[in-house]
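In what follows, subunit A forms one complex with subunit B and a second complex with subunit C.
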Partner chain A sequence: MAQYGFYVDLNACIGCKACQMACKDRAGNEPGINWRRVIEVGGGEWRQSGTSWTPDIFAYFLPTACHHCSNPPCLPVCPTAAISKDDNGIVKINVEQCIGCHYCEWACLWGAPQFYEDRGIVDKCDFCKDIVDAGGSPACVEACPMRAMEWGDIEELRASHPGATFAVVPLADPQDFGPNSTYTAHVASTDRVGEILNQEEI
Partner chain B sequence: MSKHDDTNLLDRLNAATLSRRSFLKWSAAAGATAALTTKVDLINGIYPLEKALAAGDVQIMPTGCAHNCGGRCVLKAHVQDGVIVRITSDTDRPDDPLDPQLRACVRGRSYRRRVYAPDRLKSPLRRTGPRGSGQYEEISWEEAVTAVADNLMRIKETYGNSAIYSHYATGAGSLTNGSGNVARLLDLYGGRLGYYNNYSWAAIQAATPTVYGTQNTGQSRLDWLNSKLILMWGWNPAEMIDGTNTMYFVKRARAAGAKTIIIDPRHTMSAVGLADEWIPIRPGTDTAMMAAMAYVIITEQLADEEFVNKYALGYDADHMPEGYENAESFKAYILGESDGVPKTPAWAEEYTGVPADTIARIGREYGTTKPAMLYQGYGIQRRAYGEQVVRMGCTLPVLTGNVGVSGGWASGIAFAVSSESTPGAGFPSVANPVPYSVPCFSYTDAILRGKEMGREDGIIGLADDEQTLPNSIKFLYNCAGNCLTNQHGNINRTHEILADETLAEFIVTHDHFLTPSAKMSDIVLPACTWMETWGMAANWKYGPSRILMPQVIEPLYGTKSDYAIAAMIAERLGIYDEYTGGGKTEEDWYNEWVDKMVADNPTVYGDRDSFVERGSMTIPYQENPPIAFADFISDPEANPLGTPSGKIEIFSAALAARNNPEEIPAIPKFIIEWDSPWAPVAEKYPLQAIGTHYMHRIHSTLDNIDWMDEAFPQRAFINVNDAKERGIAEGDLIRVWNDRGEMKIPARVTPRIMPGVVNIPQGGWYSPDAEGVDQRGCTNVLTSEKPTPYAYGNTQQTIMVQVEKV
Partner chain C sequence: MNYPDHEWSLIIFNILGDLSVGVFVALGIVHFYAARKTDAKQASQLSTRALLVLGPILVLGMLAVLGHVGNPERMFNMLSNLDTSWLAREVAFYGAFLVVGGVFAVLQAITLLSPAQQERLPEGFRKALPTLRPILAWVAALLGLAFVFSAAMIYYDPRLAARQTGWAHLYTPILFFADTGMLGALALGVGFVGNYLWLQRKQKEPGAKETLSIQEGLLRDAIQGASFVSIALIGVLFVTIPIYLVSLGAENNNLNEAILDMLHTDFAMLWFLRLFLAFTGAGILSAFAWYLAVRPQRRQRLFYLMIVGAFVCVLASEVIARYLFYGRNAVLLIGGM
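Here is the complex of A and B:
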């Protein structure tokens, strides 16, 4: 079985949210629901000396969606077995079967499953399964104006981007779930730990 | 269908899971118009259409994005049963490094949310309350266009054509939509007071030729890959979109070895993803830092004096223009020989807030790295003395020998010397019979006191025996724009002028929404979007492209294209045949243009059918693109520049002749702005404000679109230190004000802006409460209407404010 995943070079990410909007448009999601989000992370301080200012600040953007985990925590908790993992490792919710119990939403460490109040169901990134199965690319990846995103077999992505990692602040510790997103960390984050700067947007 | 029925339907949909079958069955039963309305509501409120209609046939229609940013992108509308259900971009062709896909940003990708926005104008409106009150009644198209035509006839007869004016407007640029349709109508009707300049580039368009004699001072983006150092000065291509793919070319230039340094008050999106270093600088002091870099370059013998004295005038006392041998040279100014103030890095630190050693280091880096680019953004010249930063920015490349070389950059407005355009077609051009033009940033003055405005106000076209305009503006036409009020300097003053019906006697607007500008209009005409009519677009700066925009869906609610609206008015003015070329529809024109483009340029466009099916055409970049000024540098005598002297004019005799050395110096100088930390106003208003381009919008376009508001909410971005001093926490509602106006807006407290600077992204729709306090963050509540001294350009980035927690 293959396992699809996402790769993003955070050094080239400008935080433009083309990926997020392409996803939103394809999914037809209302405000409040975003299968892909872009987190702005940063911190640091300003130093004043006489009339001048020197920044000791940093920032980077982190596009993130469902990681289509190898051992997805959302899957076993679904009481109606509405969540499945296909031959390409895509984790998908069958909304016809979903009863909106929120269990998957609570089980996920990264907020991927999201509750639709109007429909009483939970849904999330499906890796653009219909498009990918038909030979296309996920909407987010083909939207990136910086060509910073890639998708494909996660092992191949990891092999072609040495040093790529999932350990990027503020993504939660994956425990043994095996998230299949990988990133080249922004140079600004190599020795700094930031905080989320755009909480209201995500 | 009544609103009541809609509500019932939505309730029903909420109550039950709707299968596609039952949805379609209901739609078909309801009849065409009702079904359309129903689906529109579905898109906006209830059901993810992608899923509801997943099994149906989807037609993918080529269209494009013709907003007023620097780019032009390909859009593909996925249409099902007459409804746009998804928008994708340029994905159906390879992404070639020499011919990259024209990938749309969030603005184009959200476009269906605009097409189906619930607040779309659905009927012509006639004002019933005072101007600006927003009180309107719905009227018929017949009544509306008759009112416009009657007032045009009356004002033409009473005052003459020079009392008629159509203001700068850029909300749509797809030929059959956009302000050009109204300009053509008025020109066929005897003409109008024209305008020159724009709100983007006024100072840089005027100042660049004073140095170089041309605006074509740039070269292909492909040549950026040959540069070793790029100073991105106030330049933020990631956000303002300086050409589709420009940020991608910066990425590639870095990969090819260029170091990039951003000089900007904000840690911009470009600073995160495109830069090796970021240097924050106080707004309006860029010229001081550049002058200090020149000081370092000159005093440390890094200046290429042989180069500068061979190609330029005004560098030192031995190379001054004839008649100005004893005037102040650039070198004398920089070294302080004339004014006693050497422009040292320590001197510049006082103004810029940039540490002197940093300024010196950047001066050395730029002076020693060959070739290097100094790329000027445009925000830095929308300021009180915007001409100076342009002229100083053009001088540094001359000092360092970076003009006319591959990997260098002459700076200035930098249109590409290699023609980056595609052969096009369009409406037949009509000359404006009225000879006069006003700087667009002085248009409110032309309403208030047009008959007193003369050459000293920037009026052009006056005959030798005319001192002033013959008329003030009496008829104000606003087609596809929000510059009437929202995007113009000092909105409270603008409102006062427009509200006076004895001044502008009639105001008409075409738009999709009741914008702040539309709200000042007597008649508002509901235009359709470009996806509802026929048109095309082309790149205008980088990356030659032509994007066809055939009709994707029928106009909603009976709205009409700007062309169709103007044609109805033309009919009542008795110029219908002239205007429509004998009754041509938008589709007729579109087909004629495509036929002509294909027939005239078979090697470019190839076969018509495949071009139309593809929907767009790009011309790939060629390796080794032409370099600006290469001919001049190789043989300056044989290839003189378009300046009066034929040389690069660091000292401009033409500017000296203006006899205003304090504001229009003959050599570039740092001038303290009238609203600045060093002006008296700073005692009351100690913070500098800027209004940058924002991902949420293109200027004010898309401000009302909820997807955009979610992704990039309108906020006042304030430094953590300034916020702490004022007890302001993230998300707090704050009051931002100066003597011109006031707003309340939530704060975004961030380390990513320089202390002392507040950014309120420009383009928020002015939304005053009962006390006149804006609730949306319309920057122009705070800006001045005062123009720049030479270009008569806009100065909307020169703002001082105070901020407090509400």
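Here is the complex of A and C:
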């Protein structure tokens, strides 16, 4: 069994959110629902040298979505057995089966499953399963003008990007869930910890 | 982040569910005791009407929980994943408790019929009743307790532990079971008072005087038991809560700090009210009720008032407790992101 995943080079990402929009477009999601989100992270302070103060600040962007975990906590807790993991490791919600109980939202550490008020169900990133199964690439990866994103077998992605990691601020510690996204951390974040700047947007 | 505010339906569902299970189990104990002390007929006079009130309460709880889910008409889908989902198990046990408990209540209600009416039932059925009833009662009680356990496990589930909502702590099952016990015992006390007052109004019927004095004795015994249970459980809660808060502090991560912080700031007033009401209801008023129950002939009105007051305080306290319980989740969703 393969395990698909995403890779993003955070040094290349300019935060244009084309991936987020391409995803919304393909999934037909209304405002407020984002399967892929671009988190803005930043920090820094004023520094004094002599009599002058200069800002010493940093910022970077972090595109994130469902990580199609190897051991997804959302899956076993679902009472309707609506969540499944396919041969490519894609974790998908069957919206015909889902009753909209929110339990998977509680289980996911990264806020991937999202509730649709009008339809009374929960849905999330499905790795563009239909496109990928037909030989294409996920909409987000296709849309990135900086070519910052890649998709494929997660082990191959990790092998071709030494140093890539999931340990980037502000993603929650994955415990033993095995999220299958990996990132080349932004250079500014190696010695400094930022905070989320666009909370309302994500 | 679109996080809907559906928690009220969960609060109502859990409280009504726990209360019903508590009342059912307490009724079983009281009935057993009353049947030994007097006879089956008196015991049934005491407990059957209270039992019949549970049905509507449980149905109400079910309607409430359907307000939480997005697609209520698909509710039977919720039984699809009994293998791994505590939520599916909770729903299954709740439904089974409702059905088995309902059948039991109907069989029990037969005792309220007049002997002539009972004569008309098929002979074999009447003969089977004495064996059937206790079996159903036991099965229903176990199903009910299994429901409370699964409800607690939904939050206690190690797969949710990572979210650090402060749910994966022994406090969760203790809260759920203490809730069941206290609400059950006190609600039953209120039910018995109501039942007794109702019997009092029908005094003119033959044999009523005698029944009434036996019933009064049973009522006082039952209330002694109920107040004792609620005092004991509030003791357990008041030992658990500090341990819980200390352990949250000791784990030393941002999210636990956020919970503690909330209890000090936004939720401070609610938190205080919760503890105050629990202490007043399950502690002070229950103790008073107990005091008056062991001294017959004294202050009837006040006696009834104490039990009703204790129940109202505990109910209000539990509503706040559950509100705070879910409040922790809403705040921390952002932290997890």
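FYI, the second predicted complex is superposed on the first by the 196 of 202 C-alpha atoms of A that agree within 3 Å, B and C clash if a C-alpha of one lies under 4 Å from a C-alpha of the other, contacts with A are read in each partner's own complex, and residues count from 1 in each chain.
The working rule: a contact is a pair of C-beta atoms (placed from the backbone, for glycine too) under 8 Å apart; a residue touches a chain by one contact, two chains touch by 3 or more.
It should be emphasised that the depicted structure is a prediction, and the values quoted were computed from it without experimental measurement.
Visitor: Which partner does A:132 reach: the first (subunit B), the second (subunit C), both, or neither?
Guide: Neither partner.
Visitor: Using the touch definition from the top, say if A:17 reaches subunit B (first), subunit C (second), both or neither.
Guide: So A:17 only meets subunit B here.
Visitor: Please indicate which partner A:2 is in contact with in the superposed arrangement: first for subunit B, second for subunit C, both, or neither.
Guide: neither
Visitor: Quick one: classify A:32 as touching subunit B (first), subunit C (second), both or neither.
Guide: It touches subunit B and subunit C both.
Visitor: Would you sort A:169 into first (subunit B), second (subunit C), both or neither based on which partner it touches?
Guide: In the superposed model, A:169 contacts neither subunit B nor subunit C.
Visitor: If I apply the document's touch criterion, which positions on subunit A are contacted by subunit B in one structure and by subunit C in the other?
Guide: 32, 119, 199
Visitor: Going by the contact rule set out above, which residues of subunit A touch subunit B in the complex?
Guide: It comes out as residues 11-18, 20-22, 24-32, 34, 42-46, 48-55, 57, 59-61, 95, 118-119, 130, 136-137, 139, 142-148, 186, 188, 197, 199-201.
Visitor: What residues of subunit B sit close enough to touch subunit A in their complex?
Guide: My answer: residues 14, 17, 43, 45-51, 54, 85-89, 91, 95, 103-106, 109-110, 112, 238-239, 244-245, 247-248, 251, 267, 269-274, 278, 280, 349-350, 352-356, 358, 695, 706-707, 709-713, 719-721, 730-731, 750-752, 754-755.
Visitor: Can you list the subunit A residues touching subunit C in their complex?
Guide: For this pair, the touching residues of subunit A are 32-33, 39, 73, 76-82, 97-103, 105-111, 114-117, 119-122, 170, 172-173, 175, 177, 196, 199, 202.
Visitor: Note which residues of subunit C are touching subunit A in the complex, please.
Guide: 1-4, 6, 68-72, 74-75, 77-81, 84-88, 91, 154, 157, 159-160, 162-163, 165, 329, 333-337
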